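Here come two complexes built around chain A, the first alongside chain B, the second alongside chain C.
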Partner chain A sequence: MFRRPPRSVPGMPAGRLPLRTLAVATGFALTAATIAGCAPSEPARDGRGGTLRIAAATDAGETLNPYASNQTPTQQLRSSLLYEGLTHLDATGKFEWRLATAMTPNKDLTEWTIKLRPGVTFTDGSAFTAADVVASIKYLRDPEHAVQGLALIEMIDAARVEAVDELTVRVGLTRPFGPFKDIWANVFLPMTKAGSAPAKPIGTGPFAVTSFAAGRQSKLARHDGYWGAKPKLKAVDIVEYQSQQAQANALLSDEVDIASSATPAIAKSLAGKNGIELLDSKGDFTLRIGFNTTVAPFGDVRVRQALRLLIDRRQVVSNAFGGYARPANDHEAGTPQCPAPNVPQREQDIDRAKRLLAEAGQSDLAFSVATDGLLPGMKELAQVFSENAAKAGVKVDVNVVPPQQFLSKWGKWPVYIDFNTLPYLPYVITSLLPDRVANAAHWKNPEFSRLADELFAASDEEQCSIMNRMHGIEYAEGPMITPAFVNVLLPYNGRVRGLVPDVSGRPLSFLSNVTVGR
Partner chain B sequence: MTRLATRTRVLKHGSPSGRGSVFPWLVRRLLFGVLVLFLVSVLVFFLTQALPGDVARIILGKDATAEQVALLRRQLGLDRPLVTQYWDWLTGVLTGRMGTSLQNGEPVADLVGPRILNSFTLGFVSMVLIVPLAVVLGVFSAHKRDSALDKTFVAVSSLFTALPAFVVGMLLIAFFATSVLGVLPGVSNIPPGDMPWWHPAKLVLPVASLTLLGVMYLGRLVRASFLDAMDSEYVQTAVLKGLSDRRILFGHALPNAVAASLPAAGLVAAITITGVVVVEEVYSYPGLGTAVVSAVNAHDLPVMQICILILATTYYLFNLLADVFAVMTRSR
Partner chain C sequence: MTTNRTTGLPPSAQEGGEGDLSLLGRAARTGQARLGIALLTMVGLVVVFGHFFAPHAPDAIAGRPLEGPGSRFPLGTDVLGRDVLSRLLHGGLSLSWMAVLAAGLGVFLGTLVGLTAAYRGGAVDTLLMRAMDVLLSFPEIIFVLVFVAMLGRSTLLTAVLVGVAFAPGVSRVMRGAALPVIGSEYVLWAKANGLPARHILVREVLPGVTSPLMVEAGMRLVWAVAAIASLSYLGFGIAPPAADWGLMVGENQDGLAVAPLPVLAPIALILMMALGGNLIAESVARTVGRTEGRR
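== the complex of A and B ==
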């Protein structure tokens, strides 16, 4: 400590007045701050539907470009309100026409003619025409743009995409493809005004952007010229928060009306507090444990089947997902229109697993499972699996790495946690066929690929039976443990009315009837 | 206390010997600061290269092919030699071109500018509260030495000094925002384009977190200085001369104790900067701290470099200020 001699004190002590002044000023500042803090936030009174405030995860790298690569859920959420595709799946998973009204193929399914909806306008007031569709498809199809949905439309011959008239587009393919209309019901394949993307993309959706700050907030206003069911909401604010806990805090302190991403634990803790309710979307969203079939011993189907017999699916549902899930059976879901494949539910069977491992010469198997813990339940799934496997003497370490590191070794991890939000058909195209980037298991099954080709050339009526045979192959030889279909939970303030659960796990794409009472 | 003691030892060797040499000393320290910042920028640059993951792959995601990743690497200039990349960045910054964010292509200045203001406001308001509150509490506690109040202050301040900033933040959120009282916002997102002081309610909890931590740390230093002053010979002499308690307290002991604590206040300001980073993350406050976290996650080097340089510069300047206070105290 420093010391100095006492200074002279003329009359009144010099330190007295400033100290008092400071004390008074501090008290005033604190009181003012507290009073300001106690003031209720100003309610929105702006029309019949009000403004819906949605908390989303921070995405500092986002843009308004719906064709950007590697889009986070925040970007996808906004895109689903601003842009539309040619077709669409409703909240029950049923196919619907959107910007297209019909698609007809030639005889050998190598050329499709798309009829567009008349009377559709972009949010800038201009008319939506065939030229916009041609420009959008050509942009999407250009490999240089590295768009996320490229794998879905690789069969399109970009040179043979042309406008026939104002509302008709002809699309040539490089190979026969039957489920053409289903492919377009994807958030990564929207239509934008010709020449507007990527810098200032203009869509036809029910909302338009009024302000946008990357990583912080976007404000959307109702598109009054929207062709479809006009939203009751006047505006939507998407506010970005650093963590899921911050989203929950924002909901609890009435800063937002909806927390768009919540772990099962957070969602459960929020329900019932301060008028908060839970929207529970039961769908076909899966978290899986993938095995790289090019790394020994995971190329051996006996080892993969043994590991599938080790997991306790009920424990996964209750412990990893808080009960908000249902057991799955080592294959993806089909479509809501198709019955489930006729295969028995796989249960935990330690003895059989041990026998299979012994047959494969892998009784002392040890490995680590890598996850970036990006989505709720990923780490927990790995931990439950590790505990289950120990019962058969299989040592499984859980290796949690940052998302960047996880991504940088994508396709190289021997065992990893992955997820799927896509319906079956696009999922097969992007992830289960050989040499696809998303096929990190490098699984190659000639019979499965043959059936996929058959599916792509099949009529609607034939699809269910082909899909079920494909599920059978996944069940018997697939590269993944698919232990559960996970529900998507959406905590929201009870003042919000009209939300509907969505089997695709995107309930915030369906805001037509939503209102916010204040 | 440890930091202050360390600072005192350093000053014995590195400080000017007399008043006349203060200016050259200050210039030397400022030049040294420039060297430190240069080294910080080199370190950040090469650490970023060592981080796992490739920025092009992070931007494009797992669905992109190797060719697409390679193409983006070329477009972003990431295929050039590291020294060339660093030199381009450095000359750019020195000539006022801070470049664009690798993540979304927006100019770094547009991204970082408003956040500097937000973080500065948070730190400034906190410091304005920390210094007087620490003095009042420290002096009061020392004056009532060994009383229940004094013991409570020492115990509570030990607790808060030991608690990490994010724990304090979360406790305040639970108490004032979400679980108990529910009178304040539990998050502090300032809408883009707004000044932070337009939303005083949202500043209360982040400022309170930083203030609590700062006051508890600085208050203890003030208390110790004040106890030293009260035990000193000059105060004893004043007592023997029959001066009143008030006059001894406010006229003699307090000014000395406060002067002795000023260098510590400079250090607390520096520590507050690191606290700002943590507190911003807890409250989702759009400042430099949250920008750094996002930039590190995405390996967004231009944004990361600027944010870290601003934080490091501020940290260095406050350390220097602490030294200047210490020198002034000694020279008097």
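== the complex of A and C ==
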């Protein structure tokens, strides 16, 4: 069922060899297989890099379209290997150019000129040009397609996106926007060949699809004409499983080489078994408890602050996330370049919470937290919060609903658990400004919006201080409890070499140095 | 079917209430039933009095996750760091009342439908039994899940749904058991005297089918325990953070390899409950078979 590279030495028909040569050859092959992971970076001619089999969560409704509206982690994982954007964040969160090599604005930041990378080819062999970028941006910008990244590029004037020459694109904006290059650095805004999306999207990524069965398995093969660092892997198989426990079992029984998601309990129970190791990506990934500010009493900032004072962040870290996390302070992370904002770490304070609730007339508050439990720690976070809140007489039920049901009532849940993988700037654009789809708390803060506008027009030097003031507003009035920055855990077989942890929580999009020994 | 009714079977005075009390007594004297009673009594004591002895509140986070057994936590802690023993001692109550309610409702509805179908015959019989067949074609768990997905989760709803899901199975058994009784002379006599149908069913037919009814009730209780525990395990029964045996199995399975007790302890109790009920029901059925099957 699963493809494995042959153990014999290529080009040597084993049957015709004398016995001794055969023994030597077999020995060599076995040794080669075991040390393949340590081998220096030479092009893998015949599967030397092997096939990496990744266990992912089942997504029966998935397609290959990278512009689909509601993408699960499985779809995003595959997209990150097949498609590329104009810019990119590396595994340490540092900005990098991808399909673009420069972006320059006019004086008032309302028109940007994008220089494209020369020599890039699509996986079908055709050249990547300005026409493809224009088509992709126009597709993404069309509100009818309701793409997930639409909020990020709403300032683009679709009528003023045009190709200047083969490798230059000019993009007109409806308002000044400074951090233009940063908004492209995510999986939501990939570039595809003009006219190919959404039915048969063709990308420029390091891999191309060879077979695809929605909800079951997809097979990807190396794109040999890839412009960047060519992957050593010959192929990647993404196999889908119903639960994280099933992914763990598949890893244990050697059906896959890496599980793309694991709870802390699973990570602990797999440790050291059958040579399984753990890739622990520490970063700024957050799981939060959101409060819908249009539902009473959560519109009252005193109630929200009281609930923030009830949660025991250390307990969240140690018990909900098994220690694989660090306490957060009710605001998202900034960028690696900026210092942390100057606000004190919020600690559990039951008495103050009770006073605030009494002031708001909500001493016997009771509500339920909705979660689909999609990601490890979601249900656990809700339960720790429930236990903490009970200490102040606040009754919190945990309402675990299927993912489809959770999404169908998105924006209507009074209290819900969601997550954020995005860096601060795109996060603000998609989730904290009024009337954005991801702003399920319906939070509106005029001062915050004003600062955001300032941020969008600011130079790089001014950004840190503006961001810190925004963090301050989140800390004082924000719509959610952000109790912890959570590590992303990926158990993998020790034969797999070259994996790197990623601060954005997507380590499987960095496969260029990965090899699989057998 | 109508031929059965006309040939009929001799009425038996012993099939009244007293006869069945002695039947229970006879069944209880078998070793199998004694083991069953012992198991159920043990579980019953844990369910009813256990929570008085719990060292912690069932949802209190008292330690680190997945700690091994020790002096502070005799059975260790679960994935969230809660005391497994305390949760175990608190966790049987919901399961028990839900199972009793579900089994009671299932047997009541099933008997009602089965007896009515058997008594009225003809179109009513066909209509009722085909409707039951349609219901029977859904697996119980799927049937419950459909409604829980539509109506939201609540313990009462789950118990009622499981009960309704049991009704078709019970109704078939009860109809089969009631047919010969309804064909017997004393029922025909009651009919001929113009007694109301309700009176005939309750006073004349029902006492004649108590043996299969008891076996059915016992079996359904066991199945209700299994079904409700499964639903909680799947996350559709009792909601977290409540302590419940089925839920505990589901919550802690991720840590099974490191800490097996949080999973195995509730399974042991569910098993004792189901096995105990099963043994008792089985021995009643056997006693019925030995003494009344000769007819």
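One rule holds in what follows: the second predicted complex is superposed on the first by the 472 of 518 C-alpha atoms of A that agree within 3 Å, B and C clash if a C-alpha of one lies under 4 Å from a C-alpha of the other, contacts with A are read in each partner's own complex, and residues count from 1 in each chain.
Note that contacts are C-beta pairs under 8 Å (C-beta built on N, C-alpha and C of every residue); 3 or more make two chains touch, one makes a residue touch a chain.
Because the structure is predicted, anything quoted here is derived from the model rather than measured.
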Q) Looking at the overlay, does A:Gln348 come into contact with chain B only (first), chain C only (second), both, or neither? A) neither
(Q) Looking at A:Gln242 after the superposition, I want to know if it touches chain B, chain C, both of them or none. Which is it: first, second, both, neither? (A) first
Q: See if chain A has more residues touched by chain B or by chain C, and give me that chain.
A: B
Q: Figure out whether A:Val384 sits in contact with chain B (first) or chain C (second), or with both, or with neither.
A: second
Q) Touching A:Ser408 in the superposition: chain B (first), chain C (second), both, neither? A) first
Q.
Quick check on the superposed pair: does A:Val400 touch chain B, chain C, both, or neither? Answer first, second, both or neither.
A. second
Q) So, A:Asn513: does it touch chain B (first), chain C (second), both, or neither? A) neither
(Q) According to the stated criteria, A:Ala320 is in contact with first (chain B), second (chain C), both, or neither; which is it? (A) second
Q. Does the superposition put A:Gly61 against chain B (first), chain C (second), both, or neither?
A. first
Q.
Per the contact definition in the header, classify A:Ile266: touching chain B only (first), chain C only (second), both, or neither.
A. second
Q.
Identify the residues of chain A that lie in both the chain B contact region and the chain C contact region.
A. 402, 405
**Q.** chain A contact footprint on chain C (complex, rising order)
**A.** 59-61, 64-66, 79-81, 149, 153, 235, 239-241, 252-258
Q: Note which residues of chain A are touching chain C in the complex, please.
A: 244-245, 263-266, 268-270, 273, 315, 318-320, 322, 373, 379-380, 382-384, 386-387, 390, 397-400, 402, 405
(Q) Using the touch definition from the top, list the residues of chain A that touch chain B in their complex. (A) 1-7, 9, 13-16, 19, 22-23, 25-26, 29-30, 32-34, 36-39, 41, 58, 60-63, 69-71, 143-144, 146, 148, 150-151, 211, 213-217, 239-243, 246, 248-250, 252-253, 255, 274, 401-405, 407-408, 410, 430, 437-438, 440
Q) Can you list the chain B residues touching chain A in their complex? A) 8, 51-54, 57-65, 67-68, 71-72, 101, 103-106, 111, 128-129, 132-133, 135-136, 173, 176-179, 182-187, 189, 191-193, 200-201, 203-205, 207, 224-225, 228-229, 232, 234-235, 238, 246-247, 250-252, 254-256, 258-260, 263, 281-284, 286, 290-291, 293-295, 297-300, 326, 329-330, 332
